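Multiple structures follow.
Shared between the two complexes below is chain A, which pairs with chain B and chain C, respectively.
For the complex of A and B:
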């Protein structure tokens, strides 16, 4: 466990140095400017627009960070050959892999925290109430980012960084439309139910994590739904990480 | 390099358990939030133009996705999905056609299900006509859309004059069907005329591809047949009363006499409803061919 945490801490330091902070600064500026701009342009909709922009930016920037840093976590160590001395130490491949995931997960947690603070600051600056309900949309966004990292790490163990990034983006976009697969039999009744079900469950359903509109409009997000979504994320992250780890363990580094 | 061991049994078992767990958790989420939550979420969107600005360069693809979701929710090959929220239909259609204004089927589909009476449709024929008007503006060269606009004015708004004028306009469009002119002339002054309605639905049935629009047209033709049958039975009941000196006590009594020829069930196989007080025969409320607005008074047998 100590070794995993050591890898995680190191990964966190490494990722923070990877210009993630620049992204955050950019995000904060964008948010503030957007907030101040819409205040002038919109008619009594400024609070809604700030929330929309804030949550969407959080998801978009977070996903970009998760994809592009996630795919480089393992592959960069291989390309730079810094992996070999690490594995020569008493450090298992599993510990290395899990440590890398936890490191980036912590980075994303901090990232999301800063973005959340930026959103609340902008709301406060424009005189809008600080709606605690926003956290019910932000928490699932964080879960979805963890799933993106796991998917990115999985692909980075089986292919090059560039291709892994493309595949991860493909899975994330496809996962936003998982409902179309689920309801396929409504327009294609001859499709075997087991095929539809298998396809549906094979794609990580990123729509599960989207509560932005509900929260912005003040609609309830029940606690039990958040629990199920958390369970889904934990299980799917576990599945993808285990798959990635098994591939990583089998890889022959020459 | 050392040789790696094959997939350990515990890892394989964990993988299987995780796959099952993911499917189970997803099923729970779907049960809690509904399978059609993507469709429900259109109510949060401002307008089709708003969505259009979000997907620059991918409007056609986004339109296809919204169209697919619309059909999945309101019925595609399957006939008339029930328990649907029809307030979602207009936004879904508006978003779809804002993204791809040339998607002709979306206007026709939206118009049919906005205009149809509940539970099949939203029962808002004015909105159905508006959707078709938007379609004819976006696709001025489509004689079929203009023809549908004329049909809908006649069938749902009972406005024969406007219907006739629009059908004449449709007939002017290059490639239009030859019979549009004669139909336009025939329906003038025949608002609600069943034979004209039958001609229109027959055309829509012939023009539609296999699927819900064709099925709907077929049901409409059955409804017209059912109304004709009900009228014949009502006339037979009147004849019975004249001959027997009293009103028939039930449809069975009417059927037993030679006056009522033909079945006493509608084309859907549901027995007609007979009002012993007025002697009027009508389509039963239990029939899938029943539509609001023609129900007999309570107490019919």
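For the complex of A and C:
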């Protein structure tokens, strides 16, 4: 466990020192603040617009961070061979892989925390009440980001960083439009049903993590729904990480 | 059963890589049927030209590659166990370290992977950075390090756990003469402290200076293992004669003269031992005189080219 935490701490330090992270957080906060301007275009919708833009920024920029840093975490180490000295030490490949995941997961937690604070500050600046219900949309966003990281890490163990980024974005976009995959036969009648079914089940359904509209419009998000979403995320993250780990453990580092 | 008297034992090691395109996949052997042992406390040189399988062997030894066949034991423990990893150090070829860390932070990080307490990590990092001449750069980000400085920092990380055995892949690579001397003295210091050093190189004078024994690899196969005086021909191969005051053209007809090389006003001659008298007389007849005469025995470089059937180039290594 000490070694996993050492890798995680180093990964966190790496991501914090990456300029791309600061840029993305900066733009996310900028977009939230932009909500302050946009609200002037709408009548009595100030709070909803700020929440809407804030949550969407959190999801979009969080996903970008998860994809690009997640992909680079392992593949960059392999391509630059910086993991060679480490794997000759008493560090198991599984420990290295899990440490990398935990490090980026912690980065995303901090990052989401910063953006959440930014959103609440913006809402506070407009005199809107501090709505704790927002956390019921933010928590599933964080879960979805962890899933994106796991997918990015999986692809980065099997292919180059560029291709891994493309594949991860493909899975995320496919997962956002999972319903389109399910109804694919309506537009492509020749598609074999088993292919459609396999594709639909293989791609994680990112819609399951989307409670933005419900929270913004004040619809309740019951605790058992969040529990179900948590289990869904844990299962998917576990499976994807396990797949990545199996590939990583068997890999030859030439 | 691993031989407890050996620090490293390799039996029948074979490793191949996939080659060819998608529809015609085959395996290209990188090393074939290697078997040899390394004794505790010796400096063991692993020699061979580029592409001969040195780095592949080292990567298999430290677990970056999985062998196709064969067995390995390190410090008396089977290769599959994790125990030996606590007791060895590894310097990869052309190391790349995290450029967002300082040298001190990097050493602290790798020290944590060995479970070293914080105070020990700090002390070891300080000592090692001083030993490799980087104590004044401990707080600089590694991205600002030159190639030679990176190599030194990488050597320091290989020693953070005070290892009983060290695997060094081309440790002199990228170093200036001062750096090379420093690495040579580090290797000799490790030997003096009873550590085992296994290092690969294609810079043969380094091997000749440092190694107790060597293994010579050519095209993935083991050509020889042993002490240098066992491997090299002990007989004098030729005489090297340094002369002055004579034109090269006047020696053209002399028999037994293998090579001539002008060095300013001097001339360096390679002479067959039996013809030495005749050459000396020819030099004196031409108005010159002999400065030095030196018997030359086979060098490791000569051995290499003899075994691999290639002509030596002008440099004293197989390549730059």
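By definition in this document, the second predicted complex is superposed on the first by the 224 of 254 C-alpha atoms of A that agree within 3 Å, B and C clash if a C-alpha of one lies under 4 Å from a C-alpha of the other, contacts with A are read in each partner's own complex, and residues count from 1 in each chain.
In this text, contacts are C-beta pairs under 8 Å (C-beta built on N, C-alpha and C of every residue); 3 or more make two chains touch, one makes a residue touch a chain.
What you see is a predicted model; the values in this text were computed from it and never measured.
When the two structures are aligned on the shared chain, A:201 is found in touch with chain B, with no touch to chain C. When chain B and chain C are set side by side, the one touching more residues of chain A is B. By the touch criterion defined above, A:18 lies against chain C but remains apart from chain B after alignment on the C-alpha atoms of chain A.
In the superposition on chain A, contact is made by A:252 with both chain B and chain C. Within the superposed three-chain model, A:81 lies in touch with chain C and out of touch with chain B [touch as defined at top].
By the document's definition of touching, of the two partners only chain C reaches A:2; chain B does not. Contacts of A:177 after superposition on the shared chain: chain B is touched, whereas chain C is not. Within the superposed three-chain model, A:10 lies in touch with chain C and out of touch with chain B [touch as defined at top].
Within chain A, the residues touching chain B in one complex and chain C in the other are 250, 252-254.
Those residues of chain B whose C-beta lies close enough to touch chain A in the complex are 1, 4, 7, 11, 14-15, 18-19, 21-23, 25-26, 28-30, 32-33, 35-38, 41, 44, 65, 68-69, 71-73, 75-78, 81. Residues 177, 179-180, 182-184, 186-189, 197, 200-201, 205, 207-208, 213-214, 216-217, 222, 224-225, 228-229, 231-232, 235-236, 238-239, 242-243, 246, 249-250, 252-254 of chain A are the ones touching chain B in the complex.
By the touch criterion given at the top, residues 17, 59, 62-66, 82, 85-86, 88, 90-92, 94-98, 100-101, 105, 109-110, 112-115, 154, 157-158, 161, 167 of chain C touch chain A in their complex.
Interface residues of chain A facing chain C in the complex, by the touch rule stated above, are 2-3, 6-7, 10, 13-14, 17-18, 80-82, 84-92, 250, 252-254.
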